[in-house]
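Let me begin by presenting the structure, written as structure tokens, before commenting on it.
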Amino acid sequence: MNRLEVNLPGLVMKNPVMPASGCFGFGQEYAKFYDLNRLGAICVKAVTVERRSGNPTPRVAETPGGMLNAIGLQNPGLEHVLQHELPWLEKYESPIIVNVAGNLPEDYMEVAREISKVKNVNAIELNISCPNVKEGGIAFGTNAQTAADLTEKVKSVSKVPVYVKLSPNVTDIVEIAKAVESAGADGLSMINTLLGMRIDLNTGKPILANRTGGLSGAGIKPVAIRMIYEVSQKVQIPIIGMGGIFEVDDILEFMMAGASAVAVGTANFIDPFACPNLIDGLEERLDELGFDSLTSIVGRSSALCNLNHVR
Amino acid sequence: MRLENMMITAQMEIAPKIFQVTLRGALAQTLETPGQFIHVQIEKSIDPMLRRPLSICDVDMDKQELTLIYRVEGKGTKRLSEKKLGEEVNVLGPLGEGFPIEEVKENDTCLLVGGGVGIPPLYYLAKQLVKKGANVITILGFRSEGDIFLESEFEQLGKVIITTEDGSKGTLGFVTDAIHDLTEEYSVYYTCGPKGMLRAVENSIVSPGYISLEERMGCGVGACLACVCDLAEANVETGKVYAKICSDGPVFKAGEVII
Amino acid sequence: MNRLEVNLPGLVMKNPVMPASGCFGFGQEYAKFYDLNRLGAICVKAVTVERRSGNPTPRVAETPGGMLNAIGLQNPGLEHVLQHELPWLEKYESPIIVNVAGNLPEDYMEVAREISKVKNVNAIELNISCPNVKEGGIAFGTNAQTAADLTEKVKSVSKVPVYVKLSPNVTDIVEIAKAVESAGADGLSMINTLLGMRIDLNTGKPILANRTGGLSGAGIKPVAIRMIYEVSQKVQIPIIGMGGIFEVDDILEFMMAGASAVAVGTANFIDPFACPNLIDGLEERLDELGFDSLTSIVGRSSALCNLNHVR
Amino acid sequence: MRLENMMITAQMEIAPKIFQVTLRGALAQTLETPGQFIHVQIEKSIDPMLRRPLSICDVDMDKQELTLIYRVEGKGTKRLSEKKLGEEVNVLGPLGEGFPIEEVKENDTCLLVGGGVGIPPLYYLAKQLVKKGANVITILGFRSEGDIFLESEFEQLGKVIITTEDGSKGTLGFVTDAIHDLTEEYSVYYTCGPKGMLRAVENSIVSPGYISLEERMGCGVGACLACVCDLAEANVETGKVYAKICSDGPVFKAGEVII
């Protein structure tokens, strides 16, 4: 058996690594570098009903150990994705997850309904955590009731499993996770970016035209690990973990914390081969650490802590 | 498009804060058009973390060498300037669509207009144009006499007009002043420099032309949508209303995108 | 006039730089390196009524671009601080801020009442944001009403201005800031650490015995800047900014975002001379950037943004 | 206590993953007692960010050189091991309270017990004890024969007993096995190594002794309270129930703190 294999609702993954939404377009760019079939799954950019132009530039700014982005859900719209992007991906076997966004619950429902009919779409990632849009996005992700309502609505129209992507910009992420689980979510994706800002000393203004942006990259990993650790102990549904994965050991850390699979975002920008390189390194590292399978380490951390009380 | 560790084989400060660096590696031979750029990982670290886009200034296919000219702006370019001969940087490239020169014919006259660190990509362009037998007129804008670089290199390829903002050398003022004064005819222009300059150049010239844009970048390969600009008209084929500077550009036809 | 001077309620500071609470003990250790009179102010470790032993070790863990700590408010207790620590500080002129913590509002009140009577104490920093204790701390800082109630109580007994130290681990920090302002806070300190975790792959357990800890250091700066930018536009009281200050430019960024003074925490551990070095560098940098005084740049960022709409 | 850039003047791998490095700088002359440590900033970066505590293994006051021996554990020690001669690291130190040797008299016999990278600080201690005319017996515990280091150096200072967990050299088992087998009398012992070993050693020996502890550190100077351990009894003067390993330690009287 393939030791790297992990199975999540709707997703039979030959390894636990997928690119994170928004960091991989619809796959075409990185397909120039390697065969996308190497990926455990492919998570594509957020799709909204209408075509969106996103925010004005500058849209990215580097920060110590991370970067801010304020793309603002730019995407070609549902119709175009149905007619061009998803058909292009048909030549790949890796399961596909489509990130779904909108202003109103009805928007989310429309995208989810149509997208989930497509035969090569294996799951939906409900984006209730985009910090860079005025309506929708994070507004749905910071209140447990609102998040649960939306989840329920989308579940009612989706033909594929629904993963809800949570925002870390909340006081109590466990409460929100539990609420969306009760509302029928098949899994969770966490975390989306932390809200941040950088000011350009030369102009005195925020560098991003949108002023604030979402912080991603190595620096946010401890926040992601903490949230996954806490949430995984209170929900039964699996978690796709992300936030600052750059090295093979980061993947293991996420899985020990409680993630069943992982997504790699910012690291793709630094190394276009980030995902396949991580996959290659993973098997080797399992040997070194003496683990038989990846699934056996999921949630290992809390299991150990509960067994023998930490010191 | 390759990913390769390239070795620094030369590095020097050619004007205050302006450095010229030469990188050696097989990637150099894969350059397609003048005006393409490379995405440089200054060091494997999380600070600086992102790659830095830098234009290709010159290529020596035989020696497998690329030359870049860059200004020390922030952390990344500072670190690059501190690198010593023999050290390596990881390079992703060549990237983007450069200046199209297919339509230029022998004896055509081409106008090149560059400002500051927008000048470097024009140099390899000028060499290629001259190779095709075209005449090249170059207008180079600087702040002051001390900031001038590449002047003699361009002079070997054609007529060069220098403008300085303080008038310490050449024409006093901006490149657009030199454009107005120009008596020669030209069939096409190519320009690269700060946004304000590009706008002014585009408005000053009626001949067809090409402009090279800059924007803060994430991936450099078209995947993250950090670097978009608006198209003047939606693309009829794709319905797209925007272009990605990293992969659709950095060079666009004048008027094609909104600067 | 001294261009670096800033004045905040209770604090006449010759420069805007103070060490952050918990990163400087009660001053004695760093006094071996330099004259504490160089500091704009001195903010000492959290004080509780009773002596506390804090959490088991390990208490710190490094993370990419930051560190986690779970000290757990270890301190020698009010009595000892009154009799030993504060008298020792009497030889210095720099204003002193005492960070105050407790389990119950009554605890906070007792410490605040007694501490604020001491003649060399110029202000109190109300710690409603410590993420490393089971009771008190962050529990008071994540709910606007609770935070306001506590602020009011402490204000009623304190003889010196009260700065409320806010937690970034909340959905809406502006709401909490406004609530404590209404309750009488004289100023705000922000931000305390982000809740995080790191897992040791060799043991499979969290490195910190306390499992979770507070994330500080360069990586959290964008979150701090964003929060200060947002809060400073909605409150009138001054903000002491902190979170990842390592370089002179960081100080300017905090002030442009809206902070009137700054605190330096983690950086002291890397360079014991961090604070005086930053102070030295600040004047030089003001010249370079062409600013006449520090106070003129406070909130410059939002002022500029409101003036001429960002692009 | 100083802060100084020290230059690497020697570095080599003396056993698998075990490196010996020599640092030159005036700071070396300020060492007070054997067993003190330095807090090393491997590089000016935010990753690794914190300093790394490393014990002083040997000092050459004349040459102004400190020698350290360290195991490559994680990011920081890995980077340190990659540094080349002539490169500098920033050092804060010497820090902490080392092994007290004032009470040792000529011809006293001292037992030194070290395990793994707990061994290095015992070396300068042994040298100082021998200088005072004391006899030194050293028990050094390793995992396996291949891991052994400093054996011949200690042999020049007195009797050395090696223990290995796999019996590949010396006594099979742990340092405590060698302690039990020991026939010599000794008036004081000094020990440094992993916590489990320190506990076992403390329980095996009745003579007075000193143990050197390790804990993850922040500041290294007593300000952050990262590195505390519990005192067996509250300090009567200060009422303190804990000690800071970085500034009250790393060396404590056996029994003084709870390991």
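We call the chains A, B, C and D, going by the order they appear; numbering starts again at 1 in every chain.
Throughout what follows, a contact is a pair of C-beta atoms (placed from the backbone, for glycine too) under 8 Å apart; a residue touches a chain by one contact, two chains touch by 3 or more.
Just so it is clear, the model here is predicted, and its values are computed rather than measured.
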Completion exercise
Sorted by label, the chains bordering both subunit C and subunit D are A, B
Fill in the blank from the handout: Whole-angstrom distance, CA centroid of subunit A to CA centroid of subunit D, is 46
Handout entry: Averaged-CA centre spacing for the pair subunit B and subunit A, given as whole angstrom
Key = 36
Exercise for the section: Quick one: report the Å distance separating subunit B from subunit D, using the average Cα coordinate of each chain. Expected result: 57
Fill in the blank from the handout: Chain centres from averaged Cα atoms put subunit A and subunit C apart, in whole Å, by 33
Fill in the blank from the handout: Expected list for subunit B, residues touching two or more other chains, is 46-47
Practice task
Among the residues of subunit A, pick out those that touch two or more other chains and give their numbers.
Solution key: 64-66, 218-219, 246
Exercise for the section: Answer with line, ring, star, complete or other to describe the graph linking chains that touch. Expected result: complete
Practice task
Would you tell me which residues of subunit A are touching subunit D in their complex?
Solution key: 64-65, 218
Practice task
Using the touch definition up top, name the residues of subunit B that touch subunit A in the complex.
Solution key: 1, 3, 41, 46-51, 92, 215-230, 239-242, 247
Handout entry: Of all residues in subunit C, those that touch subunit D in their complex
Key = 22-25, 28-30, 32-33, 45, 51, 53-54, 57-62, 64-67, 69, 71, 74, 76, 80, 207, 217-219, 246, 266, 268-273
Problem - Complex interface listing, subunit D residues touching subunit B - result: 45-47
Practice task
Flag every residue of subunit C that touches subunit A in the complex, lowest number first.
Solution key: 56, 63-66, 68, 142, 169-172, 194-199, 201-206, 209, 211-212, 215, 218-223, 225-226, 229, 244, 246, 249, 252-253, 256-257, 289, 297, 300-301, 304-305, 310-311
